[in-house]
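Each chain carries a letter (A, B, C and D) given by its place in the written order, and its residues are counted from 1.
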Amino acid sequence: MELGIIGLGRMGGNMAERLRRGGHTVVGYDHSKDASDVGSVEELVERLSPPRAVWVMVPAGKPTNDTVTRLGEVLEAGDVVIDGGNSHYVDDQRHGEELAAKGIGFVDCGVSGGVWGLQNGYALMVGGDEDNVKRLMPIFETLKPEGEFGFVHSGKIGAGHFVKMVHNGIEYAMMQAFGEGYELMEASDIVTNVPETLHSWQEGTVIRSWLLDLMNRALADDPQLDAIRGYANDSGEGRWTVQAAVDHAVPLPAITASLFARFASRQDDSPAMKVVAALRNQFGGHAVESAKGADSPGADVSPPSV
Amino acid sequence: MELGIIGLGRMGGNMAERLRRGGHTVVGYDHSKDASDVGSVEELVERLSPPRAVWVMVPAGKPTNDTVTRLGEVLEAGDVVIDGGNSHYVDDQRHGEELAAKGIGFVDCGVSGGVWGLQNGYALMVGGDEDNVKRLMPIFETLKPEGEFGFVHSGKIGAGHFVKMVHNGIEYAMMQAFGEGYELMEASDIVTNVPETLHSWQEGTVIRSWLLDLMNRALADDPQLDAIRGYANDSGEGRWTVQAAVDHAVPLPAITASLFARFASRQDDSPAMKVVAALRNQFGGHAVESAKGADSPGADVSPPSV
Amino acid sequence: MELGIIGLGRMGGNMAERLRRGGHTVVGYDHSKDASDVGSVEELVERLSPPRAVWVMVPAGKPTNDTVTRLGEVLEAGDVVIDGGNSHYVDDQRHGEELAAKGIGFVDCGVSGGVWGLQNGYALMVGGDEDNVKRLMPIFETLKPEGEFGFVHSGKIGAGHFVKMVHNGIEYAMMQAFGEGYELMEASDIVTNVPETLHSWQEGTVIRSWLLDLMNRALADDPQLDAIRGYANDSGEGRWTVQAAVDHAVPLPAITASLFARFASRQDDSPAMKVVAALRNQFGGHAVESAKGADSPGADVSPPSV
Amino acid sequence: MELGIIGLGRMGGNMAERLRRGGHTVVGYDHSKDASDVGSVEELVERLSPPRAVWVMVPAGKPTNDTVTRLGEVLEAGDVVIDGGNSHYVDDQRHGEELAAKGIGFVDCGVSGGVWGLQNGYALMVGGDEDNVKRLMPIFETLKPEGEFGFVHSGKIGAGHFVKMVHNGIEYAMMQAFGEGYELMEASDIVTNVPETLHSWQEGTVIRSWLLDLMNRALADDPQLDAIRGYANDSGEGRWTVQAAVDHAVPLPAITASLFARFASRQDDSPAMKVVAALRNQFGGHAVESAKGADSPGADVSPPSV
């Protein structure tokens, strides 16, 4: 079928390519003229026959909001917009209402697959009305991996990004689990073959998984991870997961611990631990480390403590 | 090769069967006469030709300790004992020393695979001296899954059970991650297709894994998990993981949160939360729930709080 | 000085009383006619001489939003509104902007003290412009406890409620700390005098605190907390604290754990732990507890685990 | 009454001084000849009249174990040993049994008070038999603070150190709570007066406490805590608290989070977060920070994430 795509970065570009390989007619627009088939959003809309379908694949937040607003101005009743970016599900709900007021449909689609998606397909999680989703199925069929998995219509508008957000929250905790296990093995002086151990776990264990495979790829290149600093960014969805949990009164201790571990990994010094150190010094006379840096963080030879 | 096995329960019995299918000569002993090839540990030892190898596959703690002690009495220098149970690595270190004093070798072997192992093979994690491990390789080769994975010599005596313990700790956090994600999706009123969502995740996602596959098996039978209570036991290795982390000063927030969630799941009422409720009542006049049971845990219509 | 107060519930009524005892002229309005000095917000405004000061002491959210909006309609440039409720600091920022557009000042004031405040004074945390805060100091001086503590101008508009929110977050973790310690002592069979132990801690310890005193008051009435269910509500500020932490990328593990413990305390059954139980059953054949209720949650007599 | 004290460091020396001021006869022994009244443990025992009481105030672990063993050799039936150090309650139970075999009594005593104890008294938490505790009451009465608080006989042998351990666990979480709250306020750009805010909280708030007072002492000297690094040691009792919780299947999320935060504060780089960073790089092409150090840890400008 015919599809407009706005945003031809790494993700959008690869998805356009996979769709074209699958026989669809794709008209792409991007800020970068080199990548773009048309010169403007208006031109993209003109190039498509109604009822149109336009896939938005730009960064979440203002870029997506602006694009959806612009599409609301140039599309017609009966058209449909798909947000395939990483939008917050709350934004989806607002976008859906704004477009519905003009008779334009809205579908949100969480996409997983990263750099592997062009070849293997993208896992798609979709939210929206049954009618709109059904109409877009040819697109989803081409983008998804072959086989029975990799596509779901999860619920109402916002549900696609909601479950993608949860997917990423689960991912945070799984990554943290491997990180914690790795660190504990490395800390033991009886375990001398940590990379080999992780290698062996790829079959026959309960924890076999794609993340474990990736961990082994990383260790194959750098067995001690010497080249990598223990510094982890977060792309927003982990935060939204925790906030959604708080909103829904759902306890989420492992996922939240994983998010906080990333926050802490980015601190040069912890204000909270300054307070703890200051308090220990106040009540117990425990030595504090000078902020100038302590080279030999040895055991605390404290007196019988309070 | 020739191997004695002590303990022919579900795990030991299946492992003996897999070894026999692989052409090894297995002499098994079990408390249950029906399962046993011999009438006693002494008889088992007599039936094996030196240098003997005896695999212990009985519950961790006293049963394993008693069995290893008994073997120390009846085996000879040059023999080797393998502990394939779920022993604590600290026990391994003691067992290794006790047997070494008599010239008997000791190898610890963490085993993963559960009810699937007979067919698919067992993931094996081994600790001990190079010589002893090398000598037992024919056994390990038969027990492990086919292919390049599923066996590792992780380090010194105790290392096999240490890394198996860590494997289980990682497993705890992965299970908790799926549980948390499931609960958050269920709590959302926009996500209406949770089982289908989890089904779809089996390909093309970052979190694809054997545990996700198992979760889908469970949901296929019982889509709302109606028949299962949210009550989770722990088999000891999660506790040891946290204790090892504390001993090694390694922060393990996600794995520990997972263990604590299991502890909490088994409480009818939480003494800690009684204190919190009592304190809220003291300072703010917040109503407490009677211990007799509160049927309608609704929103707290508290006054401007302190 | 002269002050209007809207909202004469437990908190607002006591504050009005403390102000009158301190010589101020208070005009109060409440939905309940019995408590109210005037029949409407308009009448309250008429009764005050400009430049007026009106203290809003109604529940956070819609009631406060509606009241501030109404005051924006009936007050004049030069007047000032104080929000003494438990508003979210983000609401304060919006209210400040709305009123500023009409030349009306806005000050937010977090209030701590609960049922003890009438007698002992209220701890006040204030956000807003220096000029507005200075003008209201006679009010603050009367409301606060005697002595050098209990009042602070913490920063810009919103800062008062922000720090009050953080105060409550700290409070959550302190309460949780006492709850956890209590539970661990109760779980030990060598500690036979838990209430006496907590009683003794009120002097000479590092953890002496008002919360510890309150805990001892609660235990004096009910030494085993038999009458209280381990069920704890949350009044919103703990949630905001966690959300603010996520927004600011600040790791907050202890406070968040305390919030999640409250969430969990209100669940009859945990969906997350259903998943964990279902997974254990899938891979290990571990028995699950029937959802109908398990009467004898004993030790898990599981086979050597996977 | 007459008391021997072994260990005259900061704690033991001050306690001896407080006892002498209280009219007791104290014979002290210390490795350091300057501080010591006698030249050996034997001489100390000779200087005391039976039935003797000897207070051990040396570091926990080997020093205490060796001292108790030595006392078991030189004391007589009817004498009593008090361990006033920071021993693990499990050690107490073993010491109690060893001494009981010789008719020697054993009492464990957790001591809180730190550098303030000489002047204000020490909070004492005692475990042991009723008879032995009763006999030592004159000593406890002098050491404890004046008034009704500061002394408790908490239960059997080990109970004194157990509850002192729990006290310290609670202390960890309270310190962490203040640290987290401080950090969140510092992270906000609307809160401009953090030290003044903490100062004001010392009266009228729910969180007023000695630790809050100490925090204000620290901030009075160094309002931004510029001179202190966020590096916090742990003295062992926090670890034991978590291990006891794991042994007793008690969930302890806030206290454990506080312990882990200290562990993390002492790491130059986190192996766990190396893994997380490596995994993000593998699946998403997210940039990793070089281990050589990243000077500008800015926002992650990642593409639509997986």
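Everything below uses one rule, namely that contacts are C-beta pairs under 8 Å (C-beta built on N, C-alpha and C of every residue); 3 or more make two chains touch, one makes a residue touch a chain.
Labels paired with UniProt names: A, B, C, D = Phosphogluconate dehydrogenase (NAD(+)-dependent, decarboxylating).
From a predicted model like this one, the values you see are computed outputs, not experimental measurements.
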Minimal step count in the chain contact network, chain A to chain C: 1
Greatest separation from chain D - chain, by CA centre: A
Shared interface numbering between chain D and chain B [over half = same, under half = different]: same
Centre-to-centre distance between chain C and chain B (centres being mean Cα positions), rounded to whole Å: 43
Separation of chain C from chain D, taking each centre as the mean of its C-alpha atoms, in whole Å: 31
Chain B, residues touching no fewer than two other chains: 112-114, 168, 176, 178, 180, 183, 187, 206, 210-211, 234, 249-253, 257, 260-261, 264, 266, 270, 272, 283, 306
Residues of chain A touching chain D in the complex: 9-12, 57, 59-60, 84-86, 111-116, 168, 175-176, 178-180, 182-183, 186-187, 211, 214-215, 217-219, 222, 225-237, 253, 257, 261-262, 264-267, 269-286, 288-294, 297, 299-300, 302-306
Chain A partner contacts - residues on chain B that touch it in the complex: 89, 93, 112-114, 117, 120-125, 127, 144-145, 147, 149-159, 162-163, 166-174, 176-178, 180-181, 183-185, 187-188, 190-194, 196-197, 199-212, 241, 244-245, 248-255, 257-258, 260-261
Footprint of chain C on chain A - complex, ascending: 206, 234, 239, 242-243, 246-247, 249-253, 256-257, 259-261, 263-264, 266, 270, 272, 283, 306
